[in-house]
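Report on the structure given below.
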Amino acid sequence: MTAAVHGSAFSKSEMMIVAAARELAGQRVCFVGVGLPNIAVNLAQRTVAPDLELVYEAGVFGARPARLPLSIGDPTIVTGSTAAVSMYELFSFYLQGGLIDVGFLGAAQIDRFGNINTTVIGDYERPTTRLPGSGGACEIAINARQVFVIMRQSARSFVEKIDFRTSPGNLGGAEQAERIRREGGWLGRGPSVVVTDLGTWHFDDDCEMRLDSLHPGATLDDVRATIGWQPRIAGSLASTAPPTDAELRLIREELDPGGAYTR
Amino acid sequence: MTNPKVASMRDAIADLVRDGDTVAIEGFTHLISFAAGHEIIRQRKRDLTLARLTPDLIYDQMIAAGVARKLIFSWLGNPGVGGLGAIRRRIETGDPAPLEVEEYSHFGMVGRYTAGAANLPFFPLRSYFETDLPVVNPLIREIESPYGDGKVYAVPPLKPDVTIIHAQRADAAGNTQVWGLLGCQKEAAFAADRVIVVVEELVDEAVIRADPNRTIIPGLIVDAVVVEPFGAHPSYVQGAYDRDNQFYLDWDAITRDEGSIQAWLRDWVYDLDGRTAYVDKLGPDRVASLRPAAAAPSGSVDYGQYT
Amino acid sequence: MTNPKVASMRDAIADLVRDGDTVAIEGFTHLISFAAGHEIIRQRKRDLTLARLTPDLIYDQMIAAGVARKLIFSWLGNPGVGGLGAIRRRIETGDPAPLEVEEYSHFGMVGRYTAGAANLPFFPLRSYFETDLPVVNPLIREIESPYGDGKVYAVPPLKPDVTIIHAQRADAAGNTQVWGLLGCQKEAAFAADRVIVVVEELVDEAVIRADPNRTIIPGLIVDAVVVEPFGAHPSYVQGAYDRDNQFYLDWDAITRDEGSIQAWLRDWVYDLDGRTAYVDKLGPDRVASLRPAAAAPSGSVDYGQYT
Amino acid sequence: MTAAVHGSAFSKSEMMIVAAARELAGQRVCFVGVGLPNIAVNLAQRTVAPDLELVYEAGVFGARPARLPLSIGDPTIVTGSTAAVSMYELFSFYLQGGLIDVGFLGAAQIDRFGNINTTVIGDYERPTTRLPGSGGACEIAINARQVFVIMRQSARSFVEKIDFRTSPGNLGGAEQAERIRREGGWLGRGPSVVVTDLGTWHFDDDCEMRLDSLHPGATLDDVRATIGWQPRIAGSLASTAPPTDAELRLIREELDPGGAYTR
């Protein structure tokens, strides 16, 4: 992470959050995860997607948080929301029922096909690092119509082979993923966007991740140095537009005044 | 009601929580009964199996205090902040003792309580496909649809010996009402053999009967009602007090070190005789700072008198 | 909201109910949308499959009017009074045309909607053991627990093309709140492809957002909001009007004879252009007699402002 | 049915309701069916079982109806009740979860082992009489801890062989019923009481119905004339105590002033 800079300058985390929020333009119903997804969707609701309905796995539909909630179960997501329901109802009828357009996930490890590990680094029985586990992630990955991932890139996180598959992405590639989703009657079509601190990735026809846009200040060398496989780069690689003043003001003044996410 | 259930926290935990029990203190971020967890620590219960979607700070504290031999869960962390050090050390290093874990997803845990509450042998769900979770947890099993349209996964019922929940209010019979996040308290309570309800406020039966749709748990399944205002701190109670986010942030440092956790437990649990002392120690300023900025009334609806 | 959904009953039924559809007008005794049923009759929809736990008077009327080819249900009667003549004649004598029936128990029907809403291939339940129901309905099937502890039964998902419900209030986006008996309207609505909500009162979004726990259906799944006060008569709306038990008793005579049913349909459905005319014909005295004796307010709870 | 008589005289229906209500003494949670069970449990709550919690399948726990509800979904069962819940919740957690002590059922046909038909008379596909069907009856019969039946006796209703088994009773007798209940993990132990307009029946060790008490005015000849099998009569056959003035007053003035159930 870079230190935060002043004026219209911005941190890598701010760029990542802004890029993720912009990807939500045109989306209707978004399932909010804890941490970075939380701030990104709240920014999107205030910018590119004012009609975005926020669904919190804690059991809230149509949240309009007056402040950025630290946890996804904060009281501010309830007061003034459209519906507060049991988790049974949220997971059964909203998520598994197919009403979620975008499920937003973080990851500790991801592979080239967007398969995600948030469970352990190392062996399951005696891990090097015990991570939080699935929470709702594995059912979001399967049942949300599409999945957005937001995470920082590093050689430890973008890996050739993840240590544990917590949430299925495009499995071993397009052919296998499409067959299994079809036969299994999955509603989701898997991951479609990965936003990192260096750039924005989408998925090729063969379901492998492809870098489509490089964030300002990031280089392809940075990208290659923080990834465990030979990355696919779009022929028409774009430059991500830097955060606008309005976006930065929202993040700094409204959403994360303490800098918890954007340091 | 003929059988008063109102009890002190000390008596409720002493009478209803036994060594070796499976205990679920439920509440998703909202309404977590830290007061009950601390009393379990004080009474030095042992060999518990602790079930909860999100073990959170309360199970980190309980596991640091040595009450548990096993954890059943779906998300292990300090939400929005970081990790739970005591639990992680038990898992990563087996120090000071190995902790058995049984792991699901959120919906899997909700489904387990639901099957327990509904006396079903399993709960079916569209999850776990192509993941490693069924590999490491053989209780997550495939089940074939009897209509020839493929497979889903099943999780087994979870029937805690004791479920403990915190709520805004209950009457003396244990009829309990909650607003705000509902989590899976209802399912966890119906699934349990014994139920302890901890409330901010004991109300007259007439308050409950004025709004029967607000009732999430009937007194029928409740064994004890404990009145313990502020008993959910540092978690929160919708309308009564805010989540103490500063405490969650502070815990991140405390939990990194076994010594600092034990010191915290001594200062805030063992050396206090109950929640009143805890609130006193917290101090009136901290308590006042957590009150909502203003009221947000639901408004009243009319059920009508039909005579 | 950007897309206003508020529509007349005529437009909502014309746009959203199509010949051949599976239609569920749900509401267990409470909140039955007779207004929508009558509009379906007036628009002479045909070949519908009608689903409902309790077909009640509304489906007796609709089936007498010839809108349906099939009935999916769990209890066929005029509760506390007697039978439903039009439906019984279709079943017992095939007169004027055979009526296909698919029969479950109450819990089976609730389970079917639940599986439909949750996108599950089946819903498991402890029912049907040693009964003849699975014999006559092969869609009720045994399923083996994957934990080796025996069998339960399964019912398949039911996904209506259209679910129609009546409620006390909704906002223009279709966010809907109900109090009193909840039946299985939530499950039937989430299971449906299209949803029509009929309300006593259209309210500002702020009224809904003041009490989010009261919301049973989000606007997200609602296609049309129809404002039709007294639209549930002779069924009732908790807090607004009583069940018109006299009408249920009167129906017992009307339904015994095909001629009297058709005369009733002419007078009360075909010859009227909508619910306003129906309420006028009912008369102010009858309407007034059905108002609750007094108010029974729920009281207000505080969600708190967290800023 | 006899015509209602005056003074401390009473109708057969009144005797039946009173006898059924008395059987509820000591019970805690009762699942209320439509019709006669409805009036019987409401009488019991006002007499022998003041702590009786009434559960209506419409989704109400702890009802205290201010008037006798005509249907089991009447608004008077909701106002002032302890909990109003969805039918999913009622059937899943209250009934199937094992919280119901007594399920109260009516029947069109019953056999000596308490198996019940409420579906059709005659052939299912083209019945002589189409009856209401199960409603919640078949799950009540399986999941309530015990089942009380209330129905009028006649040669058409007390039959050697029922035309359709809607709700399982003691199946083919004790041995089979106990084995199937045990192997199937049923929570209920089946029917324990049948109250008719002529008497009160319980079940013998072999699970066959046994007449234990004859209502005032009824004779064993009446019983034999209204039953399709050779009935078993208790050696110590009792006489049912007639309705008290208090019971009659409650029925006539509070519960059924219109005489809908007690004519």
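Residue numbering begins at 1 within each chain, and the chains themselves are lettered A, B, C and D in the order written.
As a working rule, a contact is a pair of C-beta atoms (placed from the backbone, for glycine too) under 8 Å apart; a residue touches a chain by one contact, two chains touch by 3 or more.
Because the structure is predicted, anything quoted here is derived from the model rather than measured.
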item	value
Neighbouring chains common to chain B and chain D, by label	C
Chain C and chain D: spacing of chain centres that average the CA atoms, whole Å	28
Intercentroid distance (Cα basis), chain D paired with chain A, Å	58
Separation of mean Cα positions, chain C and chain A [Å, integer]	40
Interchain centroid distance [CA atoms averaged], chain B/chain C, Å	37
Overlap residues in chain C, where contacts from two or more other chains coincide	114, 119-121, 125-126, 149-150, 179-180, 182, 186-187, 210, 213, 238, 242, 292, 296, 303-307
Per-residue overlap in chain A, given as positions that touch at least 2 other chains	60, 74-75, 78-80, 84-85, 92, 96, 143, 185
Pairs of chains, among all present, that meet the touch criterion	A-B, A-C, B-C, B-D, C-D
Interfacial residue positions of chain C with respect to chain B in the complex	119-122, 124-126, 139, 141-143, 145-147, 149-150, 152, 154, 156, 168, 179-180, 182, 207, 210-211, 213-214, 238-240, 242, 292-307
Touch list for chain C against partner chain D, complex	28-30, 53-54, 73-77, 79-81, 83, 87-88, 91-92, 94, 103-107, 110, 114, 125-133, 136, 149-151, 179-184, 186-187, 236, 238, 242-243, 245, 248, 292, 296
Chain C partner contacts - residues on chain D that touch it in the complex	34-35, 38, 57-60, 69-75, 78-80, 84-88, 91-92, 95-96, 119, 124, 126-139, 142-143, 164-168, 171, 180, 183-186, 260
Chain C contact footprint on chain A (complex, rising order)	29, 51, 53, 60-62, 64, 66-67, 74-76, 78-85, 89, 92-93, 96-99, 143, 185, 187
Contact footprint of chain A on chain C as seen in their complex	1-2, 114, 117-121, 175, 186-187, 190, 208-210, 212-213, 215, 218-221, 303-307
